[in-house]
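Each of the next two complexes has chain A plus one other chain: chain B in the first, chain C in the second.
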Partner chain A sequence: MTHVTTTPSSDGTPVEGAAPATLARVRGSRAARWTWGQLGLLLVLAVIVLFTVPNPSLAIGMLIYGLWAAGLNLLVGYGGLVSFGHALPFAWGGYAAGLVLLHVSTSVWLALLVAVASMALLSTLVGAVCLRRTEVYFSMLTLAFAQLGFFIALQWDSVTGGDDGLAGIPVPTLGLGTGIELNALRDPLTFFLFTGVVVLVTFAGLILFTESPMGRVLQAIRENEERARGCGYNTRLVQLVTFVLAGTVAGLAGGLFAMLNNFVGLQPYWLLSGVVLIMVILGGRSSLFGPVLGAVVYLVLESTLSRYYASWQLIVGAIFMVCVLAFPQGLWGLVTQTVPGLFRRRRSAG
Partner chain B sequence: MSEPILLAEGLDRSFGGIHAVNDVSLEIPEGSLHAIIGPNGSGKTTLFNLITGHTRPSAGRVRFAGQDITGMPYSKVARKGLAKSYQITTVFPLLTVFENVRIAAQAAEHSYVFWRPADRIKSVVRHTEQVLERIGLAHERDTIASNLSHGDQRRLDLAIALATSPRLLLLDEPTAGMSPTETAATVKLVEELNADVTILMIEHKMDVILSIADRITVLHQGEKLFEGAPAEVKSHPRVQEVYLTGSL
Partner chain C sequence: MDQLVSQLLLGLVSGALLVLLALGLNLIFGLLEFINFSHGALYMVGAYVASYLAAATGSIWLALLVVPIVMLLVGAGLERTIIRPMYGRDQVDALLLTFGLTYVLIEGIRMIAGSGGRRVRAPELLDFQVPLGIGRPIPAYLLFVVLVVALVVGGLWLFLQRTDVGLVVRAGIRDHVMIRALGVRFDRYRTLVFAIGVAVAGIAGVLTGPITGVYPEMGADILILAFVVVVVGGMGSFWGAVAAGLLIGVLVSLTTLYASVYAGIVPFVLMILVMTFRPRGLLGAT
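Here is the complex of A and B:
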């Protein structure tokens, strides 16, 4: 028997005994009905992107942004912690991978490993500070760190290239004796497939996390932190692990993005905190797949509209506002709710 | 005689000149059902908060299961086996009833596992089902908690506390806002639970208390006015004066 009577109060109506929704502690809507099925959805979406998006660089970008947004949604949707500074790990990953490729080795693996490992470390430090506060204060702290990173990147010319960024990043090689290069210009298909595999594997890891005991505690903390403490959980620890995970995924995405463009700089890397958040909200924060869909839709809008209007962001902004007001559960939430039955969770008999 | 499961000595706490709890000591032997009564503002909830670590006492000590837990953070106290159900219903509103209880049930052993799906951990799932069965919420397992009736939400609150397999259960007015039928059912439930777990409860409804408690502490203006068996409390003149008659 499933009771699906009332919709979750995404309009902020306080539920008895719960704090009213605030900017940062948005209540995620009901737990995603689909768990592992999301992996199939992502695969289908990737195939559609591969065959319909004419610009290979844009198609690969969709995968990268999608992964980044899905990782952010661990914090936003599952954890109720809105980061305003998720450009920081993305840019960091980009610079880390770029610097390795420029100065150390052209190995894809080493570059991504450095991006991910250094980001995990940095996230731990940043997260430990930001998570001393919750709600909007948490958001402001993440924003502050992202701003700090931006200015360091701007000022520290000798390492980051300052305003010019790091140009001429060499084409990375896959190694393993194959001689395969990840060259988005000459061989976009290989790059797409490589990125697709990385994204799918990481995405599977994210699903596992949200379904694991720790990921479930994260959602319980979003619902009621005091009660989670009362069950004996160190709630800060769970949130910190999530913060690190989301940061690491962003670092990975940033590293891939640097390889895609053979360039890292202030633009666009540091300016995307808002964009990635829009992708999450647009796609829907009650699942991991929603943000990926949001990323794809956003990039489709951007690439089409920017061809015709210089101020395309006005239109995207208007569309975003309409979306938030009309279906706060996001595009994917809208699909799952308007096609009932199709997406109902299959319960094990019992 | 073994040490009582909970021992509070000379607990003291004032908030800006108001003495909320003044030199209160408690001794709760394992297996007992101890009640705290007192008019509004007599310091009952503050006393609870001093025990659980939500509020730091200005003086006094709390020992739980042979360990000093004074000033320890609540999550740590909870891990040691002291669970609390709340005066204002406190559940995970947008999770299902089953998930509410499962979260608590996994706390003991599988708290921070992240490499396997939670639903596959059979022992936790079984324990959850047992608790739901016992509390009488099994038929609501897939309901979103915030859609439950008030009485059922209170029971879910209790189920969450129970699912952590505590040694001591603190109940802060478990029948608050319940209808007479719901109250009767909850009283019966509390009595049954007491077979396995020590219970310390705050309650307003006198008839409830007198029928099930082993021992009662009466608080008045932050101080311990009297402590004794239900029959003694009932006949004690000062208690009648402050609590049972007029002053409420």
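Here is the complex of A and C:
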């Protein structure tokens, strides 16, 4: 049992001494191959979901959870920072959008803008504290912040509704002179298409970030923070920007989720930190598309297993453990690693 | 005044239980270099084993002896089977693995024992109130809990400081590459330390039973508080964990008395303050 500081690579090539960019590629990031193609994959997946998932609220939920998980993967997969408190930005976004819709205006744009902007601000503050120390400290601190948020949401019932939550959030309108309403019950298709467009645009932004110089530095920090700092990068700042981005995306997802359910409360929102993390690991943390796939697979598992089997979470937990033990690259990582290999073998055989 | 004294004592009791969990987390982090996310779930498993033993024998005395041994074996088994493959890999993977284990343990217990909780009776021998001279009399069982925790903490400290095995463990926390180079079979020490950490969590579970009863989610909330204790006390610091555990127990208890709305928030505010002004923790070395 050797204990070297470098991580063994997936295909067994020695990685010590390689440049960070090469390391990322050896580790299975495959950034070069799947960059913008991921956007197409997401579109295909969304169309499949649209035509196969019978329950419209579940189908829209898949898009929202997928976006949330993809945002979290900026931290987990690209940054190596495992957040156990990603329910905090999701719930914050939900409450912010819900409060705007209830008390200020029924405009979708205003509600989402407030959710996103306030979450960016909050993320900066939370991130500044959580990133005082990285690695395990970061995980424990994010979890503690989520718990803190839960207590505040529970106790401050004049604003958050406490245990009852915010019920009866009005149906948001698209405005722009069209008078289109986003009613998930009466007109789920419009809601699905709107969510789909928002998710695709945000997803494209996420790809842009991971491909930007800063996104590259982020991956270099994951591989070796000291070396990245030695290259003159302000590693904390890069991590903070990522934290704010991931939080903002989660805030957006939370806002959409509030509109989908016309409700924000303690129950679904605050218990989801673990669920979204499972989605990321299940789908694969080496890409942005992986977590979206993970979210869809998780929700399919949930909606089918829970119908037949009360302890379905036992199965999900076991699948998750097997994933971490045997397939750390996740479902999508498994596909991208094995499928091209199959083609190559067939070509050389023929 | 009366209320203040009894509330202080209650805080001390809940703080003492936190200390047991935080010490296990700390020890495992020191030697195995990952945070055991399933610590709370294992504490819950210990409490459930104790509740069944107590139901069978009528008191928790036997459980207090048997549960640490059972949990020692469970811990050693877990380390040998699923945690060992994690050592060569990223720290994060072990964290995620034990996170998955938490789901399996909680759902497993739900399947076996049901979602509702179970009550555990305090031993009849301790079923009386101790007058303290000041304040209301306090149940003898609570004093017993503090006593057992003190014994366990003292025992752990002596084990680490005065035995040869403890010497290797402390050296391994400092520099395990050097320890291995000296020919120590380090794998065994890892198994031992993980098992001890789990056993100590099991003891905390046994002690909690008669106070709050046992239920599947009991580990989740206390785990988050134990994390806060570890961060506030300083990662890897033995007495830091003890001091921070007692401090947080007492602080929460006192806020419950004077401003109960804020009781849940206090530990996290303390943690944010510590992280902002003293990131290495109250008694942390680096």
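FYI, the second predicted complex is superposed on the first by the 307 of 350 C-alpha atoms of A that agree within 3 Å, B and C clash if a C-alpha of one lies under 4 Å from a C-alpha of the other, contacts with A are read in each partner's own complex, and residues count from 1 in each chain.
One rule holds for everything that comes next: contacts are C-beta pairs under 8 Å (C-beta built on N, C-alpha and C of every residue); 3 or more make two chains touch, one makes a residue touch a chain.
What you are looking at is a predicted structure, and each value in this text was computed from that prediction instead of being measured.
Peer 1: In the superposed arrangement, does A:Ile281 touch chain B (first), chain C (second), both or neither?
Peer 2: A:Ile281 sits against chain C, while chain B stays out of touch.
Peer 1: Please indicate which partner A:Gly179 is in contact with in the superposed arrangement: first for chain B, second for chain C, both, or neither.
Peer 2: neither
Peer 1: One more residue to check, A:Val82. First (chain B), second (chain C), both or neither?
Peer 2: second
Peer 1: Looking at the overlay, what does A:Pro54 touch: chain B (first), chain C (second), both, or neither?
Peer 2: A:Pro54: touches no partner chain.
Peer 1: Taking the superposition on A as described, I'd like to know which of chain B and chain C A:Leu208 touches: first, second, both or neither.
Peer 2: In the superposition, A:Leu208 touches chain B alone.
Peer 1: Of the partners chain B and chain C, which touch A:Tyr137 in the superposed model: first, second, both, neither?
Peer 2: Only chain C; A:Tyr137 stays clear of chain B.
Peer 1: One more residue to check, A:Ala318. First (chain B), second (chain C), both or neither?
Peer 2: second
Peer 1: Take the contacts of chain A with chain B and those with chain C, and give the residues found in both.
Peer 2: Common to the two interfaces on chain A: residues 1-3, 8.
Peer 1: What residues on chain B touch chain A, complex-wise?
Peer 2: So the residues of chain B touching chain A come out as 73-76, 78-79, 83-84, 86, 88-96, 99, 102-104, 106-108, 110-119, 121, 124, 142-144, 146-147, 153, 160-161, 164.
Peer 1: Can you list the chain A residues touching chain B in their complex?
Peer 2: Interface residues on chain A, with respect to chain B: 1-3, 5-6, 8, 15-18, 27-31, 35, 208-209, 211-217, 219-220, 223-224, 226-235, 237-238, 241, 347.
Peer 1: Of all residues in chain A, which touch chain C in the complex?
Peer 2: Per the stated touch rule, the residues are 1-4, 7-8, 76, 80, 82, 84, 129, 132-133, 135-137, 139-141, 143-145, 147-148, 151-152, 154-155, 274, 277-278, 281, 310-311, 313-314, 316-318, 320-321, 323-325, 328.
Peer 1: So in the complex, the part of chain C that touches chain A is made up of which residues?
Peer 2: By the definition above, chain C touches chain A via 29, 34-35, 82, 85, 87-93, 95-97, 99-104, 106-108, 110-111, 176-177, 180, 187, 224, 227-228, 230-231, 235, 261-262, 264-265, 267-269, 271-272, 275-276, 279.
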